[in-house]
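In what follows, chain A forms one complex with chain B and a second complex with chain C.
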Partner chain A sequence: MPSLGADMEAGTLVQWRVAAGDTVARGDIVAEVDTDKGVIEIECFESGVVERLVVEPGAKVPVGTVLAEIRSTDQLPPHPTGGATAPSSAPAAAASVPASTAVPLEPPRPTPERRVRVSPLARKRAAEMGLDLSMVQGTGPGGAIQVADVERAEPKVGPPGPAQASPLDSMRRAIAAAMARSKREIPHYYLQTRIDMSQAQAWLRAQNQQRPIEQRLLPVVVLLKAVASALRDVPQLNGFWIDGEHRLADAIHVGFAIAMKGGGLLAPAIHDVDRRSCDELMADLRDLIPRARAGRLRSSEFTDGTITVTSLGDGGVESVLGVIYPPQVAIVGFGSIADQPWAEHGMVGVRPVITASLAADHRATDGHVGARFLDAVAHHLRAMENS
Partner chain B sequence: MTENDIRRVIVDGLTQLAPESHPERLRGDQPIRASLDIDSFDFLTFLVGLHKSLGVEIPEADYGKLETLDGMVRYLLPRARS
Partner chain C sequence: MTATDTVTAQARKITYRDAVREGLRAALLADPRVFLMGEDVGRYGGCFAVSRGLLAEFGPERIRDTPLSESGFVGAGIGAALGGMRPIVEVMTCNFSLLALDQIMNTAATLLHMSGGQFNVPIVIRMSTGGGKQLAAQHSHSLEGWYAHIPGITVVTPATIEDGYGMLATALGQPDPVLIFENQTLYNMEGELAADAGPVDLRRATIRREGRDVSILTYGASLHKALQAAGNLATAGIESEIVDLRVLRPLDDATIMASVARTHRVLIVDEGWRSGGISAEIASRIHEQAFYDLDRPVARLCTAEVPIPYARHLEEAALPQVDTIIAAVQTLVKP
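And then the complex of A and B:
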């Protein structure tokens, strides 16, 4: 059971996507796990052949538990017989097994009977009603429980048992744990700057004018791109503080804060933002936002973020000073783009202006570095016209 | 397409995005995004849906005319394919 964030202690295996004997590659989705943050698709850390599925669907196990055993393909002995040495144990979810068990493979286990799919909304509604989902008959595709099924079902009489927490409550608790740890451990410093968005908006307008509506870009894409470009200039803010050490990340994976309907927040990682075009980033968002809200993210999206960006511009607020998601060392915030008076070359005019902020870990960097970073963000946004 | 058809397409689209916020109770002159707590990403998704179901081109410069239910109906009715 991989840890999908500093605040995760256990997860419930919802279902396997592979069976014993299947060949899997690193990055393949092998299982679905239910956590505080919704159902997460677990990606494999190893390439090889699934030797054995250890944990049964429905079981809740602590982080670190072996879920399945995978025999690495490069560790296969040339012949099934002979004194093959035991391979070194593979890291993470997949523990390798001694080569002597190579043959015969266990037959695939029968499909476990309890493989209930529940829509996130149905889960929420059931929690509100104090309903045990195992008592609900699903009528959706493949017997999935949908919100109508929940509403048809009568709640069992009597007390709801030992405090059945709703997923929203548990997400709230996960956020509380991470944010409390952040404020307890991380000495934040804060900087903010106003940025003239005339050029960036003109570029966006020109782009969107030529595009069919399905391919139009949102301003947040430009902001993400500017942050990634600025991190190339000032890499100190892209990384982690772990065991009293500042460790720089070697790729720029931006955790993007997404508000859940009805409360809560997730910040899944968008990978390699510095190397993605604006079009690719928009496609990433179109994929990521609905999946995050439906509770269907992948494990790497939870663990790979090297910095976080939060954009609260839609609500009309002018600025946001974020709380760092540990063990990251910085969070960048954007308010709304609004027309404001702007003085330049001794003249006052009206410009579309955004306030960009940085909250950073003072153990890892100083204000001077943070200031250079925000300056770089502003520079890249003003240079949009030429990109 | 009648005004009522258009109104139904709009409310159906909004219901898909924000079922919990009861778009069917929206008054014609209420600001849609603020009333239903719809962000810019969801709003764009919604407009893409309108474009597909009504065949109306909606340039970005016209987004400002689509802030209320009445405004949307006024904009879409003469442009929708019959």
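And then the complex of A and C:
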């Protein structure tokens, strides 16, 4: 069970898309997993032949649990312990994050494949309280959850009863956990700057005039492209803070915040934004947004983000100061593009202006780096007509 | 009412040995069918001086010395029981009772079944048990857990003055064999015997101390070690509930499970060996009947799996002790 986010502890296998004996290649979708964030398509991170499906559909298992065993095509028949399975050892735990990211999204869990240890009494009490044991930290021997841990845990909101927590509740909890961790652990610093969008808008208009309506570009594509280009100039903001260490990512996968209808939020990754054309990015967004809202994202999209962009321009706000999604080290915010007075060359004119903001992890970078990054974003947006 | 009656109407300070003797006297006085036999019970007054004075009081017909032949005199006791008597057979230590195991298991425990319900065997067999007196391996083992394996008999372990006195009368009232295991280290224990002390039940375990944090299930001499440990633990804020099992066959599941349901953590202290012992049986029943009340796996403190050593320090190290009980409880209750 891959980790599909820093806050994910367990997932429910919804269905297998492969059967024992099938040949699979890295990147193939092999299963669907239900998480706090909806149903996610799990991509395979090994190539080979499916030896055995270990987990049955319907089972909820902790992150790190072996889901299936795959025999590599260049490997001897498997060791009886299922050594061919990726997440069965500590080094492989990192590989349980799909391999397109060089940096693991979170530190390997100390005991990835072990069953969660819960005392019988604690399990009974949690069921009575309607408490999800995956939200409980065990303090007993070997981290076992005991009844005291259950009783310490936050009681379920709302009237008691056997009713299942709704997916929205669990997404809310996941957001709460990630954001609380972020604000607890990450010393944020904030910078913002106003950017003249005249050139970018002119470029967009010119581009869109040549396109049928369904292929027209939205301003957000330009913003994403500018962020990716700026990250090439200032790579320090593209990466992670893990185990007290700043690790740069070697690709630019931008997590794009998408609001869910009915509340909640996902930030699936758009891969290699710096290497994608604006048309390709637009196609990515047209594919991604409906899938995110339908709860059908792929595992790599959950785990691969190296920075997050949140654009609240549609809501009419002037600016947004974001909360970093751990273990990332930065989040870029954009407000709405609005006509504003703009002084330049001793003249005051009216220009379309956007406020770009940066919230960054002060453990990883300093304000000077952040300032250079925002300046680079502004530079790339103003230079759009040349691209 | 005489002056003597007034004195005896109050609780008396008495040793466990004297309480057992008083129980024997009361039984001998109450029923002419009752008699005592065993090695050295008459002229010598009993290996542990339990029957001292009884020969003079009741005469050689009712206080009978036997040859050193456990199989022979236990068999004779079974025959007497079948013949309508109420024999009390003393086997000096349970270690020697193995010589009579065939009589106990294949005859006494089985005859009711083999006779299609025609012949009960109302025999009471008393044995000393346990280590701690430097009597070495052939005199120091605790075999009550073994005997609790056998259907058809009752196995009791009186650990208090009251039970030492009162269990015998109840046992003599049973239609089937009762084995009484008296721990050797308890004979010198002093305590109070109520003036109105009498027969006690042979079905129930008893809570000797109430506590919310952990249940210590034990019996015999270990009961007193557990009580002392509980006193020390209480000063550290750990409240132990002490369950005196009293009867090893049939086990009082209801009392055990009720205690588990209150404390959720269990330590079994058993002077028998761990493997295949009565502690294993109790732990298994708890898992069967009270699994969802457990917050920790059931813990056991048993005698080291060695022949009981002669050397004092080695013997002490082999048996459950107050400090090892304290350590086991601390491990069990710490978060």
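The definition used in the following text is that the second predicted complex is superposed on the first by the 299 of 387 C-alpha atoms of A that agree within 3 Å, B and C clash if a C-alpha of one lies under 4 Å from a C-alpha of the other, contacts with A are read in each partner's own complex, and residues count from 1 in each chain.
FYI, a residue touches a chain if its C-beta (ideal position, glycine included) is under 8 Å from a C-beta of that chain, and two chains touch if they have at least 3 such contacts.
Since this is a predicted model, take the numbers as computed values, not measurements.
Peer 1: Applying the document's definition of touch, where does A:289 land relative to chain B and chain C: first, second, both, or neither?
Peer 2: Touch partner of A:289: chain B, not chain C.
Peer 1: For A:357, using the defined touch cut-off, is the partner it touches chain B, chain C, both, or neither? Pick first, second, both or neither.
Peer 2: So A:357 meets neither chain B nor chain C here.
Peer 1: Looking at A:205, would you say it contacts chain B, chain C, both, or neither? Reply first, second, both or neither.
Peer 2: The answer is first: A:205 touches chain B but not chain C.
Peer 1: So, does A:148 touch the first partner chain B, the second partner chain C, both, or neither?
Peer 2: A:148 sits against chain C, while chain B stays out of touch.
Peer 1: Spot which of chain B and chain C makes contact with more residues of chain A, would you?
Peer 2: The partner making contact with more of chain A's residues is B.
Peer 1: Looking at A:310, would you say it contacts chain B, chain C, both, or neither? Reply first, second, both or neither.
Peer 2: neither
Peer 1: Going by the contact rule set out at the top, does A:262 touch chain B (first), chain C (second), both, or neither?
Peer 2: So A:262 only meets chain B here.
Peer 1: Identify the overlap between the chain B-contacting and the chain C-contacting residues of chain A.
Peer 2: The overlap between the chain B and chain C interfaces on chain A comprises residues 121.
Peer 1: For chain A, which residues count as touching chain C in their complex?
Peer 2: Touching chain C from chain A are residues 119-124, 139-141, 146-148.
Peer 1: Residue numbers of chain B touching chain A in their complex, please.
Peer 2: 18-20, 33, 37, 39-41, 44-45, 47-48, 51, 57-60
Peer 1: Can you list the chain C residues touching chain A in their complex?
Peer 2: 264, 291-296, 335
Peer 1: Across the complex, what residues on chain A touch chain B?
Peer 2: 121, 205, 208-209, 213-214, 216, 218-220, 259, 261-262, 285-286, 289, 313-314
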